[in-house]
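Across the two complexes that follow, subunit A remains constant while its partner is subunit B and subsequently subunit C.
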Partner chain A sequence: MAALARAALRFLSRPSYGCVAGASFLQSSVRPGLARGICTASRLFGDAGEKSDGTLGAHSMQEPQLENETKEAKHEDDGSRKTSHSDDLEGEAIAGEEFEEQTKLRVLNRALEFVPEYGWSMEALAEGAEAEGLSAAAAGMFEQGAVELVVHFVRECNTQLRKQLTEENARLQQEQDEQRPVEEFLRDALESRLRMHIPYMDRWSQAMGLLLTPQALPDSVCLLTELVDEIWFQAGDRSTDFNWYTRRGLLAAIYSATELVMIQDSSEDYEETWSFLEHRLANASLATQAASQVKQTGESLVQGVIGAAITVSHCSAPNFVWVPFHKAQQKCVLVAVS
Partner chain B sequence: MCFLRKARGVAAALARRCLSVEARKSNFGYEVVTETEKTNKVYGVFQNVAKNYDTMNDAMSLGIHRWWKDSFMRLMNATPGIRLLDVAGGTGDIAFRFLDYISSKPHRAFQKEEQDLSWEEISQMYEQREGEQSIDKGSMVVVCDINKEMLHIGQARARERTNTNGLSWILGNAEELPVADNKFDIYSIAFGIRNVTDIPRALDEAYRVLRPGGRFMCLEFSHVTNPVVERLYDIYSFQIIPVLGEVIAEDWKSYQYLVESIRLFPDQSAKSRPN
Partner chain C sequence: MLGRFSSCRLVLRGRPLWRYRSNETRIEPEEWESVERSKRRENGGSDGVDRALLCRIIRVDHAGEYGADRLYAGQSAVLGRGPVGPIIQKMWDEEKAHLQTFEELMVRHRVRPTALLPIWNVAGFLVGAGTALLGKEGAMACTVAVEEVISDHYNNQIRTLMEQNPQHYTELLQVLKKFRDDEMEHHDTGLEHDAEQAPGYAVLKTTIQLGCKAAIYLSERI
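Presenting the complex of A and B:
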């Protein structure tokens, strides 16, 4: 979606004066997923190579490896089968895209090591590329630069959390232990997810800022919704009514607020953050429980509404207290305290 | 006797075949010429045009080529330490922009991150800026051009600039670069590749001199997609630009060649297809 918008913007921004032909830039990459999808679609309609993203730079870089790959594939195939030239090209295009994706992942993972020093930036990506044995110019593969690095990291964290929770649930099922109370489960899930930020805590405020930029917004919103959905699903939520939305909305708000608290927390092992998290979950559980158990009595409804209101007010307009934000620069920020 | 006649016949046939292999045809604008002729003719065009190269570019693109080159730089997004080879960049447009981009990067990054500084930190920053060179980590740009006149213009411009650290000039053919293997991080060719006689060879050379992970960046005129605009552009190209060439540079033919070479260069989709 973001890539389409970008492509549209790029097309529209091309000057269309009479004398200007439209300069063409040969550059490193289009978003691989989108490109692959478009490639597949165009192949289905019998129009190969419409949006192939093999640029000469990337393609010529891959040529030796590709030649080996296609040779091996041919050996494996039945020798009597004829492959046409266009099939070869398509095969090369697919192999090229996969190679590009793998290279991007390698560089992104390596660049994370340089984030504490260089921040979430093109420099970190360039250092990552150099560390992988590629030229620093390979960081130019990432059109959005630092934003792609942050989005990759957040996606990796979500994947790791999903694995963790799935394993835990499987273990509980095997041992036939009792399911933990929902609140405790949510607390542990959010805590383990937030702990993944600890190695990058000094630069996490920069990452949060990058996630709010327009080019990152679709991705970051998607990732947040995926995260809260995953956590609730693993907690056992199978609701099919409006509760689905309230629960996830509340959890997203709690997560965001806790993240903000965490970046300025200077306590031992982030204890203040976890206590903040517990209190927010306790406030929120009033809302969820009351909504599910309510026998339409006014009192429990009112209690539920108050619980939700307290949660939202603590998340969005907290009790203001000045606390140190950046130790080196002695900045302070208003923060929620409970 | 009959053997000698046969031998002469065979020799003649061989000679004809050799000649036809050597005299491969290429396009010089809409004119079909041999490849060696094309190289010489293109050399002649740029020799004539060198002094007014900027004016020529302004005429061809109504001044928008400057925006394109700035965009090109942003797309390149070079970090300090990058080595750039700018081919067919005789007058140094891309090279100078690269130097400016690299030297301004630390300041821009600094501005983005540090908003509230104490006065001590600011004074430290000034001391640092005086001490260090504007290019750190060994960024360098090498400008390569086949045409001496274009290089002279570029060098004259460089002398007027304050910051030329890491800039060097070499005379060379894009099809046979006088550069060792795996040397550069970025190979750029701006408005030059359509003038190259044997483009696949130039691309092979680019592949050779680039490091693994290096980027090939090409900026070139291409086809207009909108048919209405295309017609206007055709009129402008064929009726107005050569006249301007005659008026500004007293050289109708060179500008005719330049306009025709744009028409013959493959369009955007053909260029991005791997082949």
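Presenting the complex of A and C:
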């Protein structure tokens, strides 16, 4: 019981879990709520206490007398004690933040299993939290709710794609195979990225809607940019001029269009989607070829015009000659002769 | 209740727990330093490099060298066949080498180029050609103005990196110092070749410097 109370006090000293404990306290009557909060706290801090004994030990209830003695002993150098104390607290704050991050990740990953049933919602997060052994109210630590779940999933997909493409390129380099044509590489990369949505296809339109909400928009734009940048980089693009933007913009547009097609595709293994993707990539490559041809033609034209101007200036450089025009008055006039 | 537990230091960030209300997110001044340190650790990544700062520096320097390349191209188009042609060509070649270095750094660190590159392309060429049409002195005045702004800019960047953590940016610092010295040399060359005798030198210099500073501000962000 003393151990449980200790754990509860440590639990309550952290503001985020304090709110959660408070919420669980209020949800039901006092005694079951308090007991559930303390049980959750003891489970949460079961391993945390073992791991970071050094920092948490300073706040233990067990040794108040020892602390009083240390307080009196270090009474003189308050300044240094304060610095080391704040360093300890900072270390503990960071350890606490990391622990919170890890817990969030665990809940998010687990919540993905419940998405086909509950959709991208707080219910899925609550189910995930419970499956991880936490209270359902722990889903309250996700302030943006279902949006965080979608953003997490998209980020995980991008990470997985990055690993896949890096491994494939490393393998190609090792076997010294020829680099595949860029269009084929792009098609395969986009196909494998879109296939990651298949398990959640029924609910993907909801996810796309969530990604367009104002709170998710910065994150979703960032993630899309990272995705297309990664794909182009792995495809071998090393451009440092405006092509950087045109290529990535083009690929982002193709990806978004294909994603939309995939939502309403009912063909076998999404064949229509992949053929749509191939056609869009073919159009894009034709467009870039046409653009480069236009640029070359334009440059040739400019050079031609400059050459013509130089030729004309050389040929018709005027030579000024005095020409007599009035014999009697002996007047001459300056005339330009080419 | 507090009396029983007062001996066991229920504190958070150096303040007693009972003072810390859940809706109070105010942090005392003495706690700012530790908060800033932890934030910097967040932004620093695994090797302590501030990626946002690195991207900004490489992006704006690449834009600057690109603009300088186009500037010298414009000057060369007008004065290339004249007596200062070889001098302009020499400075142009050095700027091309700078541009290549920044392109390599850009690819290595996966930094995006500025979206305003087409504008700097045209603007740089026009400013170079325009000042060169004012004569050799005009071209040299333009060089002096631009190189002064760029040297200051490199100095500011070097100072920022030294304040952050010089060990993590050794290669970049080396590059910036060398390029800053090159730009100062161009500045001195411009002064040697009668830049101050250009028509409206003071006005020309101020205008060009204002434009350069605006370009630097925009390229860092866009």
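Assume the second predicted complex is superposed on the first by the 207 of 338 C-alpha atoms of A that agree within 3 Å, B and C clash if a C-alpha of one lies under 4 Å from a C-alpha of the other, contacts with A are read in each partner's own complex, and residues count from 1 in each chain.
Operating definition for what follows: a residue touches a chain if its C-beta (ideal position, glycine included) is under 8 Å from a C-beta of that chain, and two chains touch if they have at least 3 such contacts.
Please read these numbers as outputs of a predicted model, since none were measured by experiment.
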Touching partner for A:L89 - first (subunit B), second (subunit C), both, neither: both
Subunit A: partner with more touched residues, subunit B or subunit C: B
Partner chain(s) touched by A:Q160 [first = subunit B, second = subunit C, both, neither]: neither
Which of subunit B and subunit C A:E123 touches, first, second, both or neither: first
Partner chain in contact with A:S266 - subunit B first, subunit C second, else both or neither: neither
Which of subunit B and subunit C A:A138 touches, first, second, both or neither: first
Partner chain in contact with A:S275 - subunit B first, subunit C second, else both or neither: neither
Contacts of A:T213 with subunit B and subunit C, given as first, second, both or neither: neither
Overlapping contact positions on subunit A, where the subunit C interface meets the subunit B interface: 15, 18-19, 59-61, 89, 93
Residues on subunit B engaged by subunit A in the complex (per definition of touch): 60-62, 64, 67-68, 71-72, 75-79, 81-82, 109, 113, 116, 185-187, 203, 206-207, 210-226, 229, 232-233, 235-237, 262, 268-269, 271-275
Subunit C residues touching subunit A - in the complex, by the definition given at the top: 5, 7-14, 17, 20, 22, 30-31, 34, 37-38, 41, 62, 103, 106-107, 110, 112-113, 115, 117-118
Contacting residues of subunit A [partner subunit C, same complex]: 9, 13, 15, 18-19, 58-61, 64, 67-68, 82, 85-87, 89-90, 93-94, 97, 229, 233, 238, 240-242, 244-245
Residues on subunit A engaged by subunit B in the complex (per definition of touch): 15-28, 49-50, 52-57, 59-61, 63, 89, 92-93, 96, 103, 119, 121-123, 126, 129, 132-140, 145, 206, 329, 331
